[in-house]
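Structures given as structure tokens follow.
Note that chain A is present in both complexes that follow, paired respectively with chain B and with chain C.
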Partner chain A sequence: MTQLPDTGWVAVVKRDCPTCELTEPVLAALASAGELTVYTQDDPAFPESVPHEYDGTLDVSHGLRIEIVPTLLRRENGREVARTYGWDKAEWRKLTGLATLGNDLPDLRPGCGAKNIEPGIIEDLLVRHGETGLASRKIELGSAEDEIEAMFDRGWSDGLPVVPPTEARVLRMLSGTSRDPKEVIGKVPPDLGDCTVEKVAINAVMAGCKPEYLPVVLAAVEAVLEEPFAMHGVLATTMYVGPVVIVNGPVRRHIGMNSKGNALGQGFRANNTIGRALQLVIRNVGGGRPQEVDRAALGNPGKLTYCIAEDEEGSCWESLAAERGVPEGKSAVTVFAGYGLQGIVDQKSRTPESLAQSFAECIKAVQHPKLYPGADVLLVVCPEHERTFRTAGWSKQRLYEEIYKRSQRPVDEVRPGTMGIAEGTSAFADGTMAPKIRDGGLMIVRAGGGAGMFSGIIAGWSASGEKGSAPVTRVIGS
Partner chain B sequence: MADLESRGIPVVGIATTEFIQAMEVQARALGTDPAYVFVPHPIQDRTNAELHALADEYLDRMLKELVSVSAVAAE
Partner chain C sequence: MTTILDPTSERTVAARPRLARPASLDGLRVGLFDIGKSKGDIFLDRLEQRLTERGLDVKRYAKPTNTRPAPTPLLQQVATEVDVVIEALSD
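Right after this comes the complex of A and B.
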């Protein structure tokens, strides 16, 4: 490869650019008029009529910070003194001092994006040139180490294989946000490790996210780190809970989240990797690991990943995010300390009253039929159940009110010892009705496939609300 | 606890023996050496009388830890 000339003209072109092809006679004229070095980015044969160098590694283009081709630049005494890009006849003539340059060409033609800044290429160049700007500790693996096994061995996995967070992959992930990789977004419990945007990106890579998911992951991490969510307690409790992420707004469609059939299940990359990335941040940045500070007796499968998109388009109700004050057109995450899924199977109810009573009866069993209050509840209403309320004209507010009311039980029925069961509540005055759910402790979303009269309850933590964890909603940024 | 101690307030943690490992892991991660008293597990299903008896039994140890922490904090 020829060195860049100390003094002379340098042009960078590629075959896959009509403007570069258009300027070939101009480059030929420049070459014959003086010292011109042409670098071609893609086709080693291009441009046929002009002597050129093939910048196959793109290192020259990268070193010159080429963004558009063709680029023409002037160097004098080892320094660049002038540059133009695309085809602008007047500009090229002014720069070169050749008054008749490009006589046969149109006045203007925009250039094309340079190959060296294409996604998937620029990251490798930054790595190769030591310009990643990444702050995280770099870990070199031995040549005999299997990278997947190495990550298991180092304790970075949630029990499933993780994607190796190479510098190039992390840079690519960071292209999904406009935020500074060094920005600290909070301290992650239990070890209170500083969590930067870069750290989140690393764990998003490991989880299998695409760059466009990163803003959702960032919002979810920020949400669980807000004081009311009490992430430390959610992690350290002996109960089942982990963060459940509910996503609302246009971002669901943009990144391909599933809110239809199998809405809570496997098979959809965005849903499954976003929830997983959040859990990996807790593990790898916060140091939250089971059988250590995570004291869960049983845990639940959702502690691998639990991320739901609401089916807003199919719903007759306002979305969860709208209820919680998120402006229309904005996307948001709501995090909820929850676990598992308790089915509500009702294939007979054809009135909203009957169905609401079914919902309430099932909610009464959350945690224990005699535990009053129980815990917060995220109710996922399936389309066929929502239809019953839609047809009857029940608003979401009406359903909330009915469930709060219908899930109450007489205190005398739930005292310790009744039903021959020692468990029970000592709270509330004798003779009153005990509420199952605290005020504001019920959230309703609509999701799921078109057929099947099967809604679901995602139960919360016994320490719901101010004494423990309250749901937190956060608008998703860029 | 570390936060309270940094303000000169003596603190002793009380938990059941099931949480010894959690305390050790957390303390190591945060670089602290908290004073702890561990009582037998479980406590959730204890009666009030049993809990009072347990508290009486461990009170002296808790006070001793508090005084000891206090002495360090005062240095």
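Right after this comes the complex of A and C.
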């Protein structure tokens, strides 16, 4: 590779650019008029009529910070003194002092994006040139070390293989946000380790996220770190819960989230990796690991990942985010301390009253049929159930009110000892009705496939609300 | 060779030795700390009774909620007012 000339002209071109091909005769003219070094980015043979160097590694292009090809620049005494890009006849003539340059060419043709700044290439160049700006500790794996096993060995996995967070992958992940990688977004319990945007990006890589998911992951992390969510307690409890992420707004469709068939299940990268990334941040940045500060007796499979999208387009109701004050057109996450799925199988109800009673009866069993109040509830209404309410003209508000009312029980049914069961509560006055769900503790979303009269209950933590964890909604930024 | 980035917070923890366990509670001020779990109060009430019978100076403390870590001012208060602490963990 020829060194850059101390003094002379430098042009950077690529074959895969019609404007570069257009300027080939101009480059030939410049080459014959004086000192010109041409670097070609893609095809070593191009441009055939002009002597040139092949910048196969793109190191010269990167060093020159080329963004558009063709670029023509002037160097004098080792310094760049002038530059133009694309084909602008007047500009090239002015720069070169050649008044007849490109006589046969049109006046103006925009250039093309340079190869060295293409996604997937720029990251490798930044890594190779030590220009990543990343602050995290670098760990060189041994040549005989299996990358996946190395991640397990260091305790960074949730029990499934993770994607090794190389510098290039983390840089690509960070391209998904406009935020400064060094920005501290909070302290993650239980260790209260500082969590930067960069640390979230690293864990998002490990989880298998695409860069466009990163703003959702960031919003989810920020949401669980808000005080009302009580992330420390959600982690440390012996109960089942973990963060459940509900996503609303246009971002669902932009990043390909599934809100239809198998809405709570496997098979959809955005859903599954966003929830996983959040859990990996808790584990790795916060140090929250099972059988350590995570004291869960059973836990639940959703502690690997639990992220759902609401099917807003198919719903006759306002979305959960709209209910919670998120402006139209904005995307948001709502985090909820919940677990598992309790089915509501009702294939016979055709009136909203019957169906609401089914919902309420199933909700009565949350935690235990005699535990009143039980916990917050996230109710996922399937399309075929929602249709019954739609047809009858029930608003979402009406359904909320009916469920609160219908899930109450007379206190003498929930006293310790009744039904031959020691469990129960004495917290309510005789002759009153005990509420199953605290005020504001019920959330309803609509999701799922078109067939199947099977809604679901995602139950919360016994310590729901102010005494423990309350759901938190956060608008997703850029 | 693959270079990866550390996904942890990279915090460094200062290791501090624990105070030696006292050979006897005689003359020490004892704190009874209720973290708010079920029946912890029953356990601590009984301890308070027995320790008071032995003539010990006993103080009671409680977390505002069992779902969150104890507030730092409360921990500082405990640390300055008593010599040993008995915590009712329950569960």
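Here is the rule we use: the second predicted complex is superposed on the first by the 478 of 478 C-alpha atoms of A that agree within 3 Å, B and C clash if a C-alpha of one lies under 4 Å from a C-alpha of the other, contacts with A are read in each partner's own complex, and residues count from 1 in each chain.
In the analysis below, a contact is a pair of C-beta atoms (placed from the backbone, for glycine too) under 8 Å apart; a residue touches a chain by one contact, two chains touch by 3 or more.
All figures in this text were calculated on a predicted structure; none of them were measured in a lab.
A.B. asks: Please work out whether A:194 is in contact with chain B alone, chain C alone, both, or neither, and reply first, second, both or neither.
C.D. replies: second
A.B. asks: Does chain B (first) or chain C (second) touch A:233, or do both, or does neither?
C.D. replies: The answer is second: A:233 touches chain C but not chain B.
A.B. asks: Mind working out whether A:183 is in touch with chain B, chain C, both or neither, as first, second, both or neither?
C.D. replies: The answer is neither, since A:183 touches no partner chain.
A.B. asks: Would you check which partner chain A:43 touches, where first means chain B only, second means chain C only, and both and neither mean what they say?
C.D. replies: neither
A.B. asks: Output check: A:280 vs chain B and chain C. Expected answer is one of first, second, both, neither. What do you get?
C.D. replies: A:280 sits against chain C, while chain B stays out of touch.
A.B. asks: Which of the two partners, first being chain B and second being chain C, lies in contact with A:467: first, second, both, or neither?
C.D. replies: A:467 sits against chain C, while chain B stays out of touch.
A.B. asks: Tell me which partner touches more residues of chain A in the superposed arrangement, chain B or chain C.
C.D. replies: Answer, by number of touched residues of chain A: C.
A.B. asks: With both complexes overlaid on chain A, does A:139 touch chain B (first), chain C (second), both or neither?
C.D. replies: Second partner only.
A.B. asks: Pick one for A:313: touches chain B only (first), chain C only (second), both, or neither.
C.D. replies: neither
A.B. asks: Tell me the contact category for A:293 with respect to chain B and chain C: first, second, both or neither.
C.D. replies: first
A.B. asks: So which bits of chain A does chain B touch that chain C touches too?
C.D. replies: On chain A, the residues that contact chain B in one structure and chain C in the other are 191, 287, 295.
A.B. asks: Taking the complex as given, what residues does chain A use to touch chain C?
C.D. replies: 134, 136-143, 147, 150-151, 156, 164-167, 170, 188-189, 191, 193-195, 199, 202-203, 206, 230, 232-233, 237-238, 280, 284-287, 295, 463, 467-469
A.B. asks: How about chain A: which of its residues touch chain B in the complex?
C.D. replies: The touching residues are 190-192, 236, 287, 291-293, 295, 422.
A.B. asks: Using the touch definition up top, name the residues of chain B that touch chain A in the complex.
C.D. replies: Checking each residue of chain B against chain A gives 18-19, 21-22, 25-26, 29-30, 45.
A.B. asks: Can you name the residues of chain C that touch chain A in the complex?
C.D. replies: Of all residues in chain C, those touching chain A are 1-11, 65-69, 91.
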